[in-house]
Structure formats: structure tokens, C-alpha cells
Amino acid sequence: MIRIGIVGAGRIARVHAKTVDAHLDAELVFIADPVEDAVKPLAEKYGIRYSLNPDDVFTDAEVDAVIICSPTPLHVEHILKAAKAGKPALCEKPVAMETETVEDLVKKLENLDHKTMLGFNRRFDPTFARMHDMVKAGVVGNVEQVTIISRDPAAPPKEYIAVSGGIFKDMTIHDFDTARFFLGDITSVYAVGQNLDPDLKDTGDFDAAVITLANSQGATATITNSRHCSSGYDQRLEVFGDKATLNGENMRPTQVRVSNGEYTDAKDVYLDFFLERYAQAYALELNEFFAAIKENRQPATSIADGAKALRIAEAAEESARTGKIVYL
Amino acid sequence: MIRIGIVGAGRIARVHAKTVDAHLDAELVFIADPVEDAVKPLAEKYGIRYSLNPDDVFTDAEVDAVIICSPTPLHVEHILKAAKAGKPALCEKPVAMETETVEDLVKKLENLDHKTMLGFNRRFDPTFARMHDMVKAGVVGNVEQVTIISRDPAAPPKEYIAVSGGIFKDMTIHDFDTARFFLGDITSVYAVGQNLDPDLKDTGDFDAAVITLANSQGATATITNSRHCSSGYDQRLEVFGDKATLNGENMRPTQVRVSNGEYTDAKDVYLDFFLERYAQAYALELNEFFAAIKENRQPATSIADGAKALRIAEAAEESARTGKIVYL
Amino acid sequence: MIRIGIVGAGRIARVHAKTVDAHLDAELVFIADPVEDAVKPLAEKYGIRYSLNPDDVFTDAEVDAVIICSPTPLHVEHILKAAKAGKPALCEKPVAMETETVEDLVKKLENLDHKTMLGFNRRFDPTFARMHDMVKAGVVGNVEQVTIISRDPAAPPKEYIAVSGGIFKDMTIHDFDTARFFLGDITSVYAVGQNLDPDLKDTGDFDAAVITLANSQGATATITNSRHCSSGYDQRLEVFGDKATLNGENMRPTQVRVSNGEYTDAKDVYLDFFLERYAQAYALELNEFFAAIKENRQPATSIADGAKALRIAEAAEESARTGKIVYL
Amino acid sequence: MIRIGIVGAGRIARVHAKTVDAHLDAELVFIADPVEDAVKPLAEKYGIRYSLNPDDVFTDAEVDAVIICSPTPLHVEHILKAAKAGKPALCEKPVAMETETVEDLVKKLENLDHKTMLGFNRRFDPTFARMHDMVKAGVVGNVEQVTIISRDPAAPPKEYIAVSGGIFKDMTIHDFDTARFFLGDITSVYAVGQNLDPDLKDTGDFDAAVITLANSQGATATITNSRHCSSGYDQRLEVFGDKATLNGENMRPTQVRVSNGEYTDAKDVYLDFFLERYAQAYALELNEFFAAIKENRQPATSIADGAKALRIAEAAEESARTGKIVYL
């Protein structure tokens, strides 16, 4: 049994706590967060110890591995503390808001005997993971064109947008990682930012975007983002190769289809948002973390993956602002 | 070029005339119908000769083959006249309203050197024909359960129902032939007749029905009929075997799917009725008729097929009236 | 918090234990089973007390409500013990193998102040439940024809079949309850039993069946069962009314679609079997059980529902054996 | 009846001849082509006059309107001859290979009392036309993002590519028109050309491309093209707006779905190529041409539309060659 400590007691901490609690290979033993109203009920729910000092997670003798759910500005510090303490760590994305900071962290980690995983959970979504497996198995042949459509159900509050780092770092970052998942390293970025929602005009951020990526072999990925979608959280992926085309479709709460005098075979609107749509991905991400610990190897998604996705996000922002292609 | 004469100038005659006119292997040369207002415009449209005497089709020297689109009570007579004249004939279904009449015709035809095809057009529908080809090719393995859902968009006028011969002979007859197409000869029939539409209660006919058929190997077919369907002409077929399941889906006028805040991927309502839904089937039925003539063989669907479907229809009526299983 | 005791420590007990453990309104406190190798590990996993005497569940002072997962022959005894102890009980189906036994139990319960739920879990499946809600909301209009296709992925061992009570009580029983869920009480039953699998010929049981049910208003349900299906656990439901048609489709492990030179938009095979397909249904069934306890009312599915489904199963067996329609 | 003359007797001439022949509002009277082996059989098939001098179509007194199916280099000359002769003309695309030539033609036509239609047939495809109608009806709200996936089943011969004008003028030109159909005038173009097929490397042309267009309101269209697709002719269109999303799906020869031990609900591969996929579009395009003549108005697609699509194609070529965004 891997004994898990969690730092941070917010929404995503609750998601992970529930999964750890039900997991056969792990048990939740400790949680730390300076906000007592958040951490205490969670500790009581699972009958575990807690602390108001986040650092206690890294020093606690019973904690074998750490899940970092603290606020983004603390991620780098917490990743390093876990690494120095010799405790494997899973950190929620983003690592930080600037590529330089993350690249600097990558260098520091190189000198440490660490096991650090970045929570790019979508790679563990059963649909996307199956598509990746099929690509690896040669089903698709050469991957030539990846098409990602990724739209949120509704825009977040303006206050959130103001501190989000912009649409490319906040929202598209996942799609950049998906593009890298299928195409490897990206060499050119062209982005068109859109301002379509009059309510969001004054945020200074784009509310939609279309991005074209290419890798060194000339394969492309197009990403279409929007902060709103009338049918819910629209998450689709197409991988086109010379032998086959794979499509990852949206998920819905039921399998009901309705036919009447107006339309036929109408399905449910999509699962509302990421906690529902990617519920399985969050759980399977933990599987990979625990497996890496047991097998004494690096987990599948690294801090370096975070740095590379962030670098593409910065290139996209530059491209959308200047109207020029940015080469990496 | 096979020179075609048509007897009858109603709706289905117009469908066939158009197909013959466009066909590379056939040409329309003659049409006969006692109603001048029907036959004359059609003859003029295609620039062909016409007569008000139906019998002229069978004696005309330039007519190589006949398509019989006359009213049902004349079918037997016209089939025999074509056979005696040595002209291949395609007759629209039904041959007649009683099995005995059709079985008597089958016997008479046995003594004639004839080529007679019955217009069970659905066998030529590209979807159903492909399913049948796949069954023949062994894709499905042993056919174990056939499920037919067949619903009209709306009930016909009561006057039509009164002379229709009842739902089993008028509507289910096609489904009985489809069942025979996949299961061969049927040995038992159980039918539940339904009276669901209050407007049709006093017709003395059922407005919906569920029928269970079995063949001598124990394979089954279930047929679900209704005189109405909110989404249009609902025509589905499932063939289940030990190796695979085949589904024939409905057809729609376009490939549009609509997603909004209420539903997603909603498709069009179905093609409205048989002339639209089975437009290709009518044309491909003629292909088979012409091919049989050119290859000097019997066409794929015979008068005997009509007799057997009619026999099942009579058994279904008896079963629904008595609440007993009828064995054939 | 409702404190739950479970009697029985087999497969379904483990499913329920996991759900109870994760539930906000309930906590697992006790488990009893005479097989120590089964009950002890389960008790240890959840850190709860256990006993080798099943009866202890009904007398334990800390147990507020009981989930009965004991073998079928003990169900009646355990239901009565829970009722007499004043503890609400959820019993897995079937209650017993004969209608008389269950009807006798129903009568005995009438004299007790009890809260007893029967585990007809499919009523709580999100897809079927949504369809039922839509029917109640009038979306479908009058329900006229229900079509149930229900096929297992592969036949169980012959030893299982020998003690299963036959296909109608073992497999179709769920579909009979689904038919009742949408049509209410059934008045006539016609069943065709099939023996298609040569390996199962000598079991004396049917390996497939087609059943036609009708209610007193003349609405019908057709059920198509098979002990095997090449694509997995095939569970479909269509509810046809005069205003709309609802279809409940199969579930698959991912949303991937594959297109290549042979076919397009091919989806995964179905979720393999009932524990996967109805995982949500098992959890939502417990929600209803806990809600009934909290709201001090009878749960949605009763022992009487079990008796009625069993009565239909016996009628189906009789019909399939005699070739006659059985009226209830 | 509109009496039609056709200039050119190649493949597309045969498509149009067949449609005109079956049309209620038009009749085919004359065809001209210098190649006697092409024009004579076609004239005989329809029983019409023919000439080996293309110009005769424009002077023939019985010809009311002309369909121009001559080779591309003759299009401008033939359009002007029809216009000067006062005969409405439908010209197959492309008008010419250079924008300047077409813009020059547009100016010349301004001084003539003409009725000239350009054969952008996809606008008349039932699926795309319905989507356009729904946009006009406000169903979609503001159109924000258009996604076009357009892939040929297999690359044409190298000899064809050599004279094709390049992928953007030859293949994407249709997609540029579709983008304009939904977004109006385009203001910026960014194209990534791909060379993925080793067999086509030495053609000097791209064999795949991803293009991002934007209009003056900031709405975007992305076009993904490939000269090959394993599943056939892949033609999809998504129109995303703030109220709804519309998807136009591929067409298949049948409605069969296959489920077995490997996959479920697999559909047919797509209709092979443009003559099959857009068969209805070709016929409905003629409807519009005849309607414009009868209603004495300009047809829906003009030579100016051709000039604008060609201008985008040239911008795409420039962008793909220079790696820069081109503003129109």
C-alpha cells in the first residue's frame, strides 16, 4: 500500500482523495492546508490526520508519496520539496505561468533523484488513451492531420480570466499537450485569436481561437477553442493517418435517443464540464502515478511536458498578437 | 434494348415509366389504360404510343415485356395474358387478395413457358440487399433472430382501409416477404392485433400489430407494425446471428445533425413514405427484371413468393382474431 | 448516517459494500457470512465488524438497515427477519424461484411494519430511468409498443443453467420487470423458446426466446433474448408512443470511432456484462433505498414487483412449452 | 420549356445531359464538341442535333440557354459568347486559372445584359444547403467557427496534378467557396502546405493542406485537405454559432451497420467520389439555373464568386510558400 499525503484541500483535492480512498494500491493518510474549514472536514471524512502547515506533508514519516493540489504559485516550491524529501509527487497543472520558471525547475530536478508526474489528465482519458494505443499499434499508419475541437460550456467569471494567464495557457494548454501526445515536438505555431463575446471584450483576452501546429515531419494539428458552447463541454479529437481515421466523440450522461415530429435520434447534451467529462481520466492518472512508484520508474507525464506545452502557449499568444507564425 | 409496355397509368406506372425511360437496357414504347386523362399525358411525356384497351399491351408486336400496374383485381388476368403471349411480365404486388387465387395462378403458370416477376421491391433496396448478401457470404453465421420494425407515417383514409384486405395483407405483407427473404419458409405465426387509434376503431381493422414468426430450424422473426409514426416512415431491420448482427437503419433527406442547448446530433425526420424511401429499390427491381430477360432465367421474386407471403398474412389475421398460434 | 449491515459476502455484496463505503448518507458497519474466507477480508478492507452467523445482522444494535446478498434460498427468511427486526432491507433478486412463495411472502409482509426493496436495478439505470421520466412527462404520448432486446455475451456454464430456474426466471425476469415498468400489469404472454446452440441442447432449457406481452389497454412489449451475442452484452430498449419514440442504446468502454478502407465510424464492442453495464444502476438503486429510509416511505421496487415478474416468467415458460398464449 | 444546348461532350456534360433530359422545365436540343466520337453517341442517345463546331451552340436559334462543359481554357471565351448572344449560361468551374483573367471577365460582363451562373455545385447539396438555410433562419445564432474537412479518396495521376494549377486552385477552391457561403468575404488567409505522400514529392505541389481563414467580423474557417483518405471521399462541414452547432456528415451507399466481436455499428465506407457524393447537388444546381431563367434574375452563384474563391486560392498558395499570413 502506497501511503498518500495531499497538500491542498480544494476541489481537485477532493476528487483525488475519493479516488485514493477507493484504490486497492494506495491509502490516504495525511492532508495539509492552511484553511482549517477546508482541510478538517476532509480529514474527518476519511478518518486521517491533517495539518495546517503544508510543509508537513513533505516531512511526515508515514507519507510515501504526495499529491500536490496547492495553488499554482506554490507548485514549483512543493515539487522541489517533495523531490528533496525523496517522495514521489503528482502535481496538478499548470506547474507555473511562465516557461522559464518551469524550464528552470526541470533543470533543478535533473540533479535530484525524483519521481515527478504532471497532471495532464487527458492523456489518461479512456477514449484518447485508446486512440493513442491504436496509433502506436500502427492502426492509423502515419499520423498526418490531428483535429482538436475543444469548447467550454460557458465562459468563466471575468475575475478568473484576469488571472488565468490568457486562453492559451489556461484552456488550450490541454490541447497543446494532446497535440504533442500524437505529434511529438511542435516546430511551428500560428494562432488566430477571436473576440466574439461582447461581454468579454474588455478582458483583454481572446474568448475563442484557432491554432495550427506543425511538427518537423510536416504533420499538422488544428485546434479550435471557444469559451462557450450551446451543447455543453465539447471535446472531440480526430487523428487522420494514411491507413485509418480515428474519432474521439463527446460523452453524454445517458444513452437515450429521442425521435419525434421535428427530429430523430437526438442525444443528450454533453457532460457539463471537466470534472464529469474527465472523471475517469483523473482516476486513471492516479493509476499511472501508483504504477510508476511500484515499478520504480518515471511517470508518463513529466514536468518537461508541462514546459513544452507552456512554450507552445506562449508562441500561440505571440502569434495571435503579431499575426506572424512563430517557429520553435 | 428491351421494349417495354406498361398496363395501367397510375402512380406506380409513372415511377416505372421514368426508370425505364432512363435505363440503358430498356426503352418505353407503349402504355395502355382505359382512363384517357391518365394515359395520354404519360404517353405524350415520353413520346410513345398508347391505347385505351389494356389488352393491347399483350398483343402489341413491338412490346417485348410488360410491366403490370393495373388495379389488383386485374393482376391475375394480366399475368396470364402476358404469360400466354410469351412476354415476360413484372407485376406489382399484391397478386390478389386470397391465397387460393394466387396458388391457383401459380399452378396455371407451371404449364406455361413464362417469365413472371412479383414486385417485392424491398428485396432490392440497397440496404436490405446488402444485408442479404452478407448473410449469404457467411458474415452473420446462422441467422437466429430477425427483428423488423415497420411503421407508416400516418394512417390511410378509412375508405382505403375498408378495401385494403386488412393490415396484414396490406402493410405487413412486405415484412412477411422480408422475413422469408432471411428465414426461408415460415412454419408458425402468432399475431397480436392492436387498436390504438380511436379514429380507426370502427374500421374493423387493426391499426398496429406485433407478429412472431418461426421457421423449421427454430429461427424467429418479430415484426412490429403501426399505421402511424411521429418521425415519418420508420423502416428498420435487424438480422442477428451467432457471428454478427446487422442493422438496416432509416433514411433521411439530408446528413445534417443539429446540436444546441436541448439536444445534440439530432438528425432529420425520416424520408416520408415508400416512394421516397424505396425509390432506389423500385429502380433496382427493374434492373433484375431486365437482367432476367437478358439472361433468359426466372426473376428473383416469383408469384409463388407472393402466395407464401399472403398465406402468412392470412395466418396472422387468424391468429390475431383467435388468439391462437397458427401452424403452416 | 444510515448504518448498513450486509448479509452475504459474495460478488454482489462486494459491489454494494464499495458503494455504501463511498456514500455520503450511509456507512458500512457490519457484514455476516458463514464463509470466513469471504467475509473476513471484506470486513478488514472496510475496517468493520463481521460475524459467521448471518442472523447477527438482523439483531446487531448498530445496524440500521440491511442489504441481503445471501443465496436465493435464504432470501425469504432473511427478508422476514429484517422486517420483524424493524430494519429496512434491500434484497437482491430473485426473491425465490416460485411465484407462490413470493406471493406468500407479500402477504406476510402486509402484516408487518416493514420497508423492503427488491433489487430490480435496471429501473435505476440512468438511460432507462430517463426514458421512464420522459414517458411520465408526456413526451412520448401514449405508450403503444415497447421493444426490448437483451442478449448476454456468452452462455453461463451448464451447471449454472441446471439450477437457474430456466431462461425466463433467470434472464428474462429483468426484461419482464422493464416491460412492467413501462406498461404496468401484463395480461397476456406468448413465448417462443429457441434451442440454437448445439452445446446447450441437453440442458433442457431454452438458449434464446422471443416473448410478446400485452397489457389491458392493448399496448405490447416484445422481448428478444439470447444467451450469446458476438458484440457483448446487448441491452437495448425502445419505447414507441404516438408522440415520440425513445431508444436506449448500448454502452461502450470508450467513445472511439474507427474508419478505414473496410468500414467507417466503427465503435467499441459493448461493455462486457451486467456488473459493468449496470454499474451506475447498482449505485443509484442504493440511493433510492437510502432515500426511502430517510423519507420514511416504501422504496420504488417492492417484493410484489418481484412476484409479478415471476408470474410472467412462469407464464412464459408455460407458453413456450405448450405453444399457447397464457392469460394472467 | 427551356431549350438547352451543351458545349463540350465529356464526363460532366454527360451528367448534365442526363439531368436536363429528365427535367420537367427543360429539354436538351443541341450539343457541340469538336471530337465526333464523344459528341455523336451523346446526341444519338438523346435524339438531338449536334455540331463539331462549338460556336454553333451560341448561334443556334433553337437554343435558349447554354451549359458550358468545354475545357477550362475556353471558359472565358464561351461565357462571353453566350452573354453576347443573349443566352443564359451555366459554366463549370473553374472559370480560369488566374484571378486577373476572371476579374477582367467580371468587368466585361458588367457591360452586357447577361445571366451567367458558375457551377459551384456544393452550395446546392441538400445537406450544405439545409445548413445554410438554418443559418439564415437564425438557428445557429452568430456563425463563429466553420470547420471543413475535405479529403479525396486517392491522388489523381501526376500528369493531372502538373496542369491542375495546384491543390488550392484545384481542390480547395470548393472549400473556399463553402467558407464564403457561410462567412462572406474573407480578409485573411494562412495556409500550411503538406508533402506527406512520397510518390507525389516531385510534383512540386502540396498533397495536403490546412488553411485558416477569417472574415472582417473575426469569424474563422479552418479547412483540412488531403489528396487521400482510406475511407473514401471525406466531406464534412461544421458550422458553430453561439446558439447551435450544425454538422454535415458523409454519405454512404447503404444504411447498413455491422456489429461483431471486433467492433459495433460499423458503417459503409463513403460514397467514392464527387460524381456520386454530389449527384443531387449537380441536379439541384440545374434547378437553380432554370429557375433564374424563368424568374429573369441572376443565378445564385456568379462569375464574381469564382473570382473571389480564386483570389483566396492564390493567397493560400502564397501563404504556404512564404510562411506568412496574406491579407485580402
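Each chain gets a letter, A, B, C and D, in the order it is written, and its residues are counted from 1.
Criterion: a contact is a pair of C-beta atoms (placed from the backbone, for glycine too) under 8 Å apart; a residue touches a chain by one contact, two chains touch by 3 or more.
Just so you know, these numbers come straight off a predicted model, no measurement behind them.
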Contact-richer chain pair (by C-beta pairs counted) among A-D and C-D: A-D
Centroid-based (C-alpha) most distant chain relative to chain A: B
Centre-to-centre distance between chain D and chain C (centres being mean Cα positions), rounded to whole Å: 57
Centre-of-Cα separation between chain C and chain A, whole angstrom: 39
Where chain A and chain D are represented by their mean Cα positions, the distance between them in whole Å: 42
Residues of chain B touching at least two other chains: 230-231, 243-245, 250, 258-261, 265
Complex contacts: residues of chain C adjacent to chain B: 141-142, 144-145, 147, 149, 151, 188, 190, 192, 194-197, 208, 210, 212, 214, 218-220, 222, 224, 226, 228-231, 234, 238, 240-245, 323-325
Complex interface listing, chain D residues touching chain B: 18, 21-22, 126-127, 130-131, 134, 139, 243-251, 253-261, 265
Of chain C, residues touching chain D in the complex: 230-232, 250, 252, 258-270
